[in-house]
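Structures given as structure tokens follow.
In what follows, chain A forms one complex with chain B and a second complex with chain C.
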Partner chain A sequence: MFIEYTWLVPLIPMLCFLIVGLLGRKTPEKGGYIAIAGALLSFIISALIAYEYLTGDAYPEPVTSQIAWFAIGDFEINLGYYVDGLTCMMMLFSSFISTLIFIYSIGYMHAEGARKTRYYAEVSLFLTGMLGLIVSSNFLEMFIFWEVMGLCSYLLIGFWSFRHNDGDAASANAASAAKKAFLVTRMGDVCLMAGLFILLGEFHSLDYTELFDPANIANADSTMITLGMLLVFGGVIGKSAQFPLHDWLPDAMAGPTTVSSLIHAATMVKAGVYLVARGYPLFIQDPEVMLFVGIIGGVTAFFAATMALNNYNIKKVLAFSTVSQLGYMILALGAGGYLVALGMDMGGAEGTALIAAGTAGFTAGCFHMMNHAFFKALLFMCSGSVIHSVGTEDMRLMGGLGKHMKITSITMLLGSLSIAGFPLFSGFWSKDLVLDIALEAGDQTIWFTVLWLLAVITAFMTAFYMFRMWFMTFMGEEGANTQHCHGESPKTMTAPLVILSVFAVLSGFLIMFGLDGMVSFEVTDTAFIVGGGHAGGMVHYFEHLFTNPYTYLTIVLALLGIGIAYLMYAKKTVDPGRFNKHGESGLYKVLANRWYFPEFYNWVSWKFGYGVAKGVNYVDRQVIDGTVNGLSAAVVGGGDTISKMQTGNVHDYTAVILLGVSVLAALFVVIAMILGGM
Partner chain B sequence: MIPLEYFLILGAILFAIGAYGVATKSNAIIVLMCIELMLNAANINFVAFGAYHPDIMGQVFVIMTITVAAAEVAVGIAILLNAYKMRKTTELDEDGLTSMRW
Partner chain C sequence: MSIESLILPLLIVIPLIGAVATLFMGGEKQKYAKWVAGVFSGITLIVTLYMMYAGFEDWTVFTVGYDWIDTSSVHIGFDLMVDGLSVLMIFLTALLTLLVVVFSSAESDRANYFHTLLMAMEVGLMGVFMAADYFLFYVMWEVTLIPMYFLISWYGGPRRHYAAIKFFIYTHVASLVMLIGIFAMGWECMAVTGTMDFGFDTMAEIMPATSQAFQVAVFALLFFGFMVKMPSVPFHTWLPDAHVEAPTAGSVILAGVMLKMGSYGIIRICLECFPEGAAYWQWVIIAIGLISMVYGAYACIAQTDLKKMVAFSSISHMGMVMVGIGCLSDIGITFAIFQMFAHGLISAMLFMVCGFTGHAVGTREMPLLGGLAGRMPIYATFMMIAFMASLGLPGLVGFWGEFPLVYGFYEFIKAEGVMWLLVFCLLTLMLTAGYYIWAMQKTLFGPETKKIDLEHVHDISKPEFVALAVLAVLVALFGVWPDAALSFIDPYVDFLVGVL
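Here is the complex of A and B:
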């Protein structure tokens, strides 16, 4: 009875967007309470839908309903909703975390005055985009909401577009950062759109029910599916900030911290991972595609983690860690999908075993996505609390904040432990599942062994840089800005932190209470089923995790990372300057300059983009405009010239008429003479 | 009985005078009158042919033509009057009404 109202889930934030945008100025807190109420209502409805679906008879078959939207020839495009286990999980954590972020915004955005209306309207629209994307029943509908999020990220990253700190670099200037985010993700979106065109051409429909039907897939041209899914993955690379389109996300830190939290935890970058998970039945048609997906994910995880190692900006460290964690999710989906794809090619008992092993990758990716949403939202909101208090983002000016901000420091410690993969914290469970599946895929191809190695090193680096950040911020001597900080943040900010920290610590245990069944993936001859898998339960996972020697390897590495960070930044018995020649070593500079990716982007834009733009400009102005202008000039000039024949003088007209009549008369006479023989 | 050629020659002369007037005179009222001359030249031909070729249609058509000509003159004079009110002239040369072209 609630599932029929799934369309309300994105519609309510949409209405909030309209109400706040049009009337928000007159309401208390400039529309903040309306946005919170909308997000909360969406969460409640999502929870009711999830409960009804998961306990209903249809589970795990997806529940879907559509209405016809329009038709072009024999392509029918529908609007509707599609509810399955993945939808439920995404809906729940997106709306829940967004609600908390909106509550937190009341405190964080307190000083913004009239601009708050714009802020709350835009975040409501952002949430609309994410929830709409999640419940969409076909790829076109999804793509529309995908673009809505692209727009909102542009607007919100550039929220402080009037601030020009120093120069025009995207990292210093909100307007440039917004532009960069928009343009870089646009590159991915173009790929995604091309991919959808290919799928539409192959399947004559974009409905999930049609596309995920094994019979339809078997009828379609497999090369075209491969090409189409590679292009769709291009969209994921842009949206989820994967290598090599990852560089917009660190710059996006120019927006308010709440927006960063929203982008990194509840919306936007999660959309890309969701798209891979949603399109899994098509992705797994070709092992090579999944190998590519896995390589991109593993490389991103490693690259981004290296850049976080020596950054001094508290938000940028978190941004790089997000990119790195997204890499983990993509890696898990890629490795699992690779095994499934191989198994489907192989067939037989061996193939079935591979498929069974590979589907764990789907669960791992989705599970890590949810855990990451909790602890990354928490970490960002903690960093926001710190920034709110000390008024800077530079960690060198912080330090010793632990005494002044007890709640923030403790919740952030919990978040950091979680992301570092400290045993029994949420990040530990999902990260080890990811590493496990990568290692398992390594049995089939050496590529995944390499990626597993990168991922293990990344786990070490993650622990190190997260605790470097925590120690630099909360421990050690008091920095310049700590001495006149405002102390702990108001309750509207700390309450969401406390709630989220509970989830960040405990959400990992959900997998023992059936979450793995909810986001499992099953391949049968007649369907690809999300959800409804066997819920392994506590024993299964304990057994698997704690008998695996590699689990202990990552635990040791994580503890080692934390320990080194402690020695370097809290106890200061080891001088980090010894390893990087006090910031002079080549590697240090490469990392500080983000592997020169911003320069590379600029170089490509100037050499390639600008050149193409100049050529297009020339064609537009000279060839196209020239043709049009030339034609109109010819018509106008010709008309001018010919109109001079109309002298306006009655006598001239008379003369012409008389002449004509005379000529006609003479002609008649001549004809009559010839015919009459006169 | 007067031969038909006489009427036709009279009509032709009247038409030529009218045409000459329209083509050369610069006063708009004279031009209008010349047009009337040309119409009446045609009327003479109608009546003459109607009489020599026993058929009442010739005369019927003349009455029709006179009616139309009366209406046409009324409209023409009205336009000219308004033009005169604006320009204080009825001349058809460059300084007069011709400057209203385009």
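Here is the complex of A and C:
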């Protein structure tokens, strides 16, 4: 009875967008309450839908319904919803976190005045995009919402791109960051579009029900599916900020912190991961695709973590951390999918075992996605609370804030412990699942062993940089800005922090109470089932986790990372400068310059963009127009000297025209006749 | 005489009355010219909407024919018709003329002539899209040329004379080549039937049956004429110059409707009459389309004048139309027509905002602009909607002229085994996002410019707001409901694919 109204979930924020956009100025908080009400309502409906679906008869089959929209040639494009376990999970955490962040915004954006209308309208539109993406029933519908989110991300990163409170440099920076975010993700989106062309060409439909049907997959050309999914993954690389298109995300921190928290940590950047999970039945058709996915994920996880090690901007540390954690998710999906793909190729009992092992990768990836949404949203909102209070993002100017901001410091500590993988915190469960599946895939190919190693080192780095950040911010002597900070943030900001911290700590346990069904994946002869949960199956997995020696290795590494950070930045008995020649070492500079990726982007855009454009423009002005102008001048000039009867430009030109036309026409006819005769 | 048979002649006569009426409103009365033009173009739009509503099932009820020259050897008729291909173009013409009158309501320099020219242009454009006789088609084609020439050379920018003459020469040369093609058709008709009958119906029967050599040759002549009008690289350089110098109203009509005359002609004449010629030249059409797309997009990046950038983007987008036509397939042509319509709406918005930049700020040079969003939020919003629509943001109309069209092209090249050609389309999509986003960064965002005086800069006025808002609503409406336009196009393309 609720599932039929799934379309309301994205529609309500859409209405909020229109109401706030058109009338928001006249309402209290400039539309803030309307946005909150919309998000909350979407959350409530999502919860009802999830409850009905998970307890209903259809479970675990997806419930879907569509209406015809229009046709591309003979192919119907539909509009509809598609509810399964994955949809439910995504809807729940997206709308829940959005509600909290909107509430938090009331405090955080309080001083923005009339601009708040724009802010709340844009975040509502964003929520439409996110929820629409989740409930879409086909790839094209999904892509529309995907791009709507991209637009909102662009607008919100650039929220202060003009008339920035901190002056001109800051607004120029925001404008440039917004541009970069849009264009870099656009690169991925163009690939995604090409992938959709290929899928449409093979399946003659983009509906999930058609595309995920094993019978249809068997009929399609497998090479084309491979190519198509690689291109689709290009979209994932852009949206989820994977290597090598990751560099927009740290710049995106120029937007308000609430936006970083909502869009660039908890929801939009998850869309790529969601797309891989959603397209899993197609991705697992080829082990090579999944290997590629895994490599990208593993490399990103490692690579991004290195850049967080020596950054002094509290938000950028978190941004790199987000990229790194997204890499984990992609790695898990890749590793698991690799095993499933191999298993399907192999067949027999051995194949079945591989498939069973591989599906854990899907669980790990999706599970980590949910946990990360909670703790990373929390961490960003904590950093927002800090920034709100001290008025800077530079951690060197903070320090000793723990005394002034008790709630923020404790909730941020919980979030940091969670992401560092401290035992029993939510991040611990899912991160170890990720590592475990990578190791398991390592039995099949050396690639995943290497990736596992990278991921383990990343776990250590994560613990280190998170606590480096926490210690630098809250411990030690008071920094320049701490002395005149505004103290703890208002209740509208701290209340969401407290609520989220509960989830950041405990969400890992959700999976043990039967909710694992939402993030499971099953392969049968006739279908691929997402969310076809086997409640209790995970308990077995946790047994395995605690008997696995490598689990203890990562726990030790995490503690080690925290310990080193403590010695360096809280107790200060170890000088970090010893390891980087006080910022002079080559590696330090490479990291501080983000592996020179911004330069690389500039080089590419110059080489393939502006540079070529200059050349084209030159050809246009000089060669083409030069020829035309030269010709007409010669003809006019020639006519002038001969006849001296020039009366007006138009007539001259008409004479030229007639002459030219006759010649041209004759030429055309002759050429065409010759060609036609052949 | 039924009401239906009056509709099409009315669409020509009403703006004609408007043109004549405003012509004689010189002196003190010229301030009323805009009201007269508004009323007459408004009525035209209402009649058009009635026609779209009443004729949806069967367009033939509107077909009318009057003999013009009728001798034993020559038959030229004043024949008018409308169908799924032309109806959207007629709608665009009627809509944009009215909006342009509204948008330019502040025009006070010889306001009566200004509106006369606009109304005269509407007469010509309506004639081109409704003509059911090739000779009439040609005459109307020339009729559109003259008001545009004067609009540029009287109301344009500093280099207006150069631009106007360049515009005139290019399109005139092109139309003369086209005229040769039309006469070739006439002679062929004479050879077959004994009379030189320029009627669409007669030609549609005779032409597809002619020899391949004839089809190839005449297709080329006509195609050249239309190609220059679209315009395609390398015959495009008149367009950026014309746009830069033309007044906003001229640019809107030029980009919004006049360029579509070219692609309309290709579909209406080249494809309908010369299927074998089309098949022969198919790769040439596609190559020209692809080159125009990529070349236009690259040229955009190098521009500093907002309006010039948008002009080059028109070349790029019309190149996409050309590619769609070149597929000669159901999907390709359907969405080529859709793209023509979408580009008509979007480019009208684009030129309105860019033109407004020129009036309000005093310059359109991007290096001089910056941070305008703070002072002109409404203008900034419209610019963003227009740019986003043009770069193909899903949910707005531009996307549906782009995604399915490129898919149609993909299907074609996949069948031909040259899938790598898709790279050009993808590159164009990327570059398009690039120049628009870059332009927005430079004009709307960042620190407020100090290079020019922004003291007296104002946001858009009410009439300008109305014109832009109507377009924005349509851009969004057709974006979420593309079937509203596709349902007009589909039956026509079914017929056309049958011919091919």
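FYI, the second predicted complex is superposed on the first by the 595 of 678 C-alpha atoms of A that agree within 3 Å, B and C clash if a C-alpha of one lies under 4 Å from a C-alpha of the other, contacts with A are read in each partner's own complex, and residues count from 1 in each chain.
Criterion: contacts are C-beta pairs under 8 Å (C-beta built on N, C-alpha and C of every residue); 3 or more make two chains touch, one makes a residue touch a chain.
The structure presented is a predicted model; accordingly, all values stated were derived computationally and were not measured.
Novice: Where does A:632 make contact in the superposed view: on chain B (first), on chain C (second), on both, or on neither?
Specialist: A:632 sits against chain C, while chain B stays out of touch.
Novice: May I ask you to decide whether A:612 touches chain B, chain C, both, or neither, giving the answer as first, second, both or neither?
Specialist: second
Novice: So in the superposed three-chain picture, is A:624 touching just chain B, just chain C, both, or none of them (first/second/both/neither)?
Specialist: Touch partner of A:624: chain C, not chain B.
Novice: Touching A:221, do we find chain B (first), chain C (second), both, or neither?
Specialist: Touch status of A:221: no partner.
Novice: Look at A:350 in the shared chain and tell me whether it touches chain B only, chain C only, both, or neither; answer first, second, both or neither.
Specialist: neither
Novice: For the three-chain arrangement built by superposition, which of chain B and chain C touches the greater number of chain A residues?
Specialist: After superposition, C is the partner touching more of chain A.
Novice: Identify the residues of chain A that lie in both the chain B contact region and the chain C contact region.
Specialist: Dual-contact residues (chain A): 649-650, 654, 658.
Novice: Help me check something: in the complex, which residues belonging to chain C touch chain A?
Specialist: 161, 165-166, 168-169, 172-173, 176-177, 180, 212-217, 219-221, 224, 234, 237, 280, 295, 298-303, 329-331, 334-335, 371-374, 388, 393-395, 399, 403-404, 406-408, 410-411, 414, 422, 426, 429-431, 433-434, 437-438, 440-441, 444-448, 482-483, 486, 490
Novice: Taking the complex as given, what residues does chain A use to touch chain B?
Specialist: Result: residues 643, 646-651, 654-655, 658 of chain A touch chain B.
Novice: Could you list, by residue number, the parts of chain A that touch chain C in their complex?
Specialist: 69-74, 140, 143-144, 146-148, 151, 154, 158, 161-163, 168-169, 171-172, 174-176, 178-179, 182-183, 186-187, 190-191, 193-194, 197-198, 200-201, 605, 609-610, 612-614, 616-617, 620, 624-625, 628, 632, 649-650, 653-654, 656-658, 660-661, 664-665, 668-669, 671-673, 675-677
Novice: Given the complex with chain A, which residues does chain B contribute to the contact?
Specialist: 19, 22-24, 26, 28, 31, 92-94, 98-102
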